[in-house]
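If you scroll down you'll find the structure; I have some questions about it.
Chain nomenclature is as follows: A, B, C and D, assigned in order of appearance, with residue numbering initiated at 1 for each chain independently.
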Amino acid sequence: MREIRYYEALIEAMAEEMRLDDDVFLMGEDIGLFGGTFRATEGLMAEFGSRRVRDTPIAEAGIVGLAMGAALAGLRPVPELMTMNFAIVAMDQIINHVAKMHYMFGGQFQVPLTIRAPGGGGTQKGAQHSHSIESWFVNAPGIRVVIPSTPYDAKGLLKTSIRCNDPVLFIEHEMLYSSVGPVPEGEYLIPLGEADVKRPGSDVTIVAWSKMVLEALRAAEILAGEGIEAEVLDPRTLDPLDWNAIMTSVARTRRCVVAEEGWRNVGVGAEIAARLQEQLFHELDAPVLRVGAANVPLPYSKDLEQAALPHAEDIVQAVLKITT
Amino acid sequence: MITATAKLRMYRQMLLIRRLEERVAEMYGEQAIGGFTHLYIGQEAVATGAISALNHDDYVIGTYRDHGHFLAREGDPKKFMAELFGRETGICHGKGGSMHLADMENYFFGGTGIVGGSMPIAAGLGLACSYREDDRIVMSFFGDGATNQGVWHEALNFAKIWNLPVIFVCENNFYGIGTDVRLSSSLTEVYKKASGYGMPGYRVNGMDVLEVRKLCDDVVKHVRAGSGPALIEARCYRYQGHSMTDPGRYRARAEEDLWRKRDPIPRLARTLLEEGIASEERLQELDAEIEEICDAAVEFAQESPMPSPSALYDHVFSERYPSDPHA
Amino acid sequence: MREIRYYEALIEAMAEEMRLDDDVFLMGEDIGLFGGTFRATEGLMAEFGSRRVRDTPIAEAGIVGLAMGAALAGLRPVPELMTMNFAIVAMDQIINHVAKMHYMFGGQFQVPLTIRAPGGGGTQKGAQHSHSIESWFVNAPGIRVVIPSTPYDAKGLLKTSIRCNDPVLFIEHEMLYSSVGPVPEGEYLIPLGEADVKRPGSDVTIVAWSKMVLEALRAAEILAGEGIEAEVLDPRTLDPLDWNAIMTSVARTRRCVVAEEGWRNVGVGAEIAARLQEQLFHELDAPVLRVGAANVPLPYSKDLEQAALPHAEDIVQAVLKITT
Amino acid sequence: MITATAKLRMYRQMLLIRRLEERVAEMYGEQAIGGFTHLYIGQEAVATGAISALNHDDYVIGTYRDHGHFLAREGDPKKFMAELFGRETGICHGKGGSMHLADMENYFFGGTGIVGGSMPIAAGLGLACSYREDDRIVMSFFGDGATNQGVWHEALNFAKIWNLPVIFVCENNFYGIGTDVRLSSSLTEVYKKASGYGMPGYRVNGMDVLEVRKLCDDVVKHVRAGSGPALIEARCYRYQGHSMTDPGRYRARAEEDLWRKRDPIPRLARTLLEEGIASEERLQELDAEIEEICDAAVEFAQESPMPSPSALYDHVFSERYPSDPHA
């Protein structure tokens, strides 16, 4: 199968949906003429013009709010926010408006909106550009949270998100944009709420998403060397979250480590650990351990930043703690 | 030129809002209605005059002070009252309440509780109009206090640079809760804020429904023709407290009295009589009609069932998945 | 000891600190002439005037940002946000600025700022006024999170917060303002990070904060009737969080229920449950259960709202599940 | 009247910024510097002229494009370069990097990465000045793109209603990353946005350090005297890409050439020579001096240690508690 980059998969997904449906349009900062800070909209203005690929002022709350209004009127906007940290600027529009309108109006209006934004650190962008805050959006009901780790998942899930009649926060990762993976020619969709086993294993389950899937796979390699077969489970979407797949896998392996790039303290991993011990209290052979970012804003200095972020080695350590 | 029928309809509209809200106050007192409830009494001329200048399928959006706009949009008084009672038959099935009325059939997008929060959404509705090149326009209602909120600025800028068909109607009642506009706003003549966006700004007496209508007929014509967004400041006054729980100690008695003399409803009544559009008798008939509507609305609300407990998880999303709570 | 209301305790705390230190001042919407939506600043403008009790425009990001600037310059602002839902409007200022400046500037500036805001539902204010989102602020490092449940704790902790040289988010609760409790005359301080046993017990530990402490105490009464002695532990501050007290209590009772008003999914309770099973895996006799809000925006209708919110009865059910 | 010494100092200042940033570009190429790095080259006259009109203890705050302001504030070139190298000896001990320079000793409050985010903070610094009635003032630097952000609006409104001593300096370089100001802003003559707040607005040629200084001397005098906030638009141009990774395809070659002819450094050099303030030789000496400073800065950075791993948990809070991570 052909291999393409993560950002190219995103471009294909958007282009295909835009060709199929004139209601789909893009808006965001420097997504048009400039082609997108991370090239994720490259070439789209050339094909679709400035009506459907709209460069905006720097006003995140406005971007989300305008997209929200257009969605209420039945269009399918796909706004891009340059980073998840800037999504915080639009937090009120996303949480108090986008995620609540359908409910508080008793289902009268739908909000078919897909907000794209990359999270993640690792490139020394410091404390105001690099954080992973998916946990807040999973905590608050009313918005789907999609967070693919491979080009294949990125394309299939973005197409599904754009067709979804509910708001979706589609979280990308700065370090994944240039990653390469197999993506079939032509159209396919991946349903929300279906986890994917990125590597099968029998001794321990590693639940990881976004860039941490790559770290988990590296960890699994290392662990295989130690004779430990780790299963790497990628939920791919955090709302809905495929509890069934997680419970089934851990019921089998009886051990679990959750790896996320966000702050570990009150992260999504905490919810997974909490539910595992609720539902598999007697099946678990060891505590569920969590790997995540250190409880600090991300520092600029390379070594410090790396020390703050979770890596394969941390996952290995956690697995060894509960398997030996 | 505003026809006699139009004038009479506006009178009826204002009276309906006034009387229904008097019932709301009464029912709130009886604790049949809860939460935050903000009355529109005193400002009826603004929503009535402005909205009457629109087509039925134009888009309208407002704030938590939304009773008048919902009703001026021809929302059903029964579903209105039932919503405030938190009943299953309410326009939002009891999920929204007083602050979050919305009415899909009448293109009324609510009813939002975050001051300023509706501004970019209004611009987004305008974006949809311009994107589809239908000849709809948007009317966005908000208060003087909202104009100092960041998203207000973003929305006006977006509307201007993209030439969106949005009429921003500021209902300047001179207070944000208890805060005098002179303490909160660097420009107290709100319409002048339009200059910061190269947008036309107009001021109108919001206590005179005919003046409001006249100006809006004009502005609507231009905006529909593609002249881009406009800002209207309608100066008005709310006769009640900010919400049902507001003692309202911050306003001078004399000021309140002055504005009560400007009550838009008797004012229009005088015009109707002077112009021979309606007789005393006709107006009394109208009173009676409206009393009946109010009675029916309250009765409907009282007799309507509460939402079933299972409704709790409805409408979080329109599409469900197995792992959703109680899916 | 005299008994006063929660909001009166707050007023005393602010008044005392303002008398002691001219650098302390208040700003917020309708806190002055109007006396505060929940009366928590009543009378302060009369005593301190409009220089130190400042009515602001409706602009939450601005309120926090201005307070932040004043704090950087060495003042001790105590801004009030009318509800936690409105704090979301200021989310970028709080998370990307207030919580990060000290770190990202290498400790050069301090941010002695105390942001006051009430969370909580129960009065039918609907989906945009009633949420409890403390979990987001505990997830993000750099800001202290204080969340008192009684007038006594409210006064002592607010005074400590105002004197703290780091930013504090001081979370009140709309349903607690009029609650009454003993508060000694004169000055006292309560250190951050010290949990308080609101009721001692030996059979199960109920960890609860803010209004849920009252629910937990009601639950404990009911449980006592069933012969179950529940210990009610109120951490009082969520950052720093008194892990020591939690671990010690649960190590003794071997059972724990966490009760919070925020959405249970990815709430602070998830973190507590996750750490308990990490550290007390072999001591726990039963899974740690969590009680929290249903995973929905708060509906207006009274019965629905009550159904969405957690109550003593839910705590009782959870405790019975793990004790019988 | 700007003295000869002042002019010479400004020349030296601009040259130092230019040369140091050329080193930054070089070091970035060698991957000694990472993250987002935004060069100020071309805009030196703005920070240099404006900040030279301030007292040492006035407050200054800027954006991620902060090298020029940090240096114009007399920040130490060594600590500057060390910070960009992420070293322990950096002004922020390596925690901030290029976007987050700050300098307590010189009252420079950074260095913020959220476009518009520094605006209310600047007003808050002004609030502190007015609260204490010291005669400090605040100078806040930001770009044309920032003026469309909501907090920009809130900050100007606050500054005006509270009469805060803040000078808002918009460095209009006509682009926000690749977006032309004409596509993003309803008023492209940014200084006119002041009218939306009843605030004086001024425009100045940001490529002429003497004009910038002259205007700022004036505005500083008024603001310090209590006349309230003011907005200055300094029209300028960045010669490099938005950040080190920007190919900059969105600008026309002709436009770039035009602005390069307006380079503020040779321009001032000509004046210095014409007015006999400095000779060719003196200017060459200056070049040499500054080369040495740059060499020393780079050397210092290269030889400085990386932060110790234990520094990771320092400065999250200034006061620690037992339950803090690694307390």
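Just so we're on the same page, contacts are C-beta pairs under 8 Å (C-beta built on N, C-alpha and C of every residue); 3 or more make two chains touch, one makes a residue touch a chain.
None of the values given here were measured: they were computed from a predicted structure.
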More contacts between chains, A-B or A-D: A-B
Farthest chain (mean CA position) relative to subunit C: D
Gap in Å, rounded to a whole number, between the CA centres of subunit D and subunit B: 46
Subunit B-subunit C separation of Cα centroids, rounded to whole Å: 36
Geometric centre distance via CA averages, subunit B-subunit A, whole Å: 39
Numbers and ranges of subunit D residues touching at least 2 other chains: 90, 92, 94-96, 100, 112-114, 117, 148-151, 154, 157, 161, 183-185, 316
Subunit A: positions in contact with at least two other chains: 56-57, 59, 61-62, 85, 89, 92, 96, 103-104, 126-128, 141-142, 295-297, 299-300
Residue numbers on subunit D that touch subunit B, as the complex places them: 148-154, 156-157, 160-161, 183-187, 192-193, 195-199
Footprint of subunit C on subunit A - complex, ascending: 85, 88-89, 91-92, 95-96, 99-100, 103-104, 126-128, 131, 133, 135-136, 138-142, 262-263, 265-271, 273-274, 277-279, 281, 286-290, 295-297, 299-300
Residue ranges of subunit D in contact with subunit C within the complex: 59, 61, 90-96, 100, 102-104, 109-114, 117, 119-129, 131-132, 150-151, 154-155, 157-158, 161-162, 314-319, 321-324
Complex interface listing, subunit A residues touching subunit D: 29-30, 33-34, 37, 55-59, 61-62, 85-86, 89, 123-129, 294-297, 299-304, 307-308
Contact footprint of subunit A on subunit D as seen in their complex: 34-36, 86-87, 90, 92, 94-100, 112-117, 145-146, 148-150, 176-179, 183-185, 250, 306-307, 309, 311-313, 316, 325
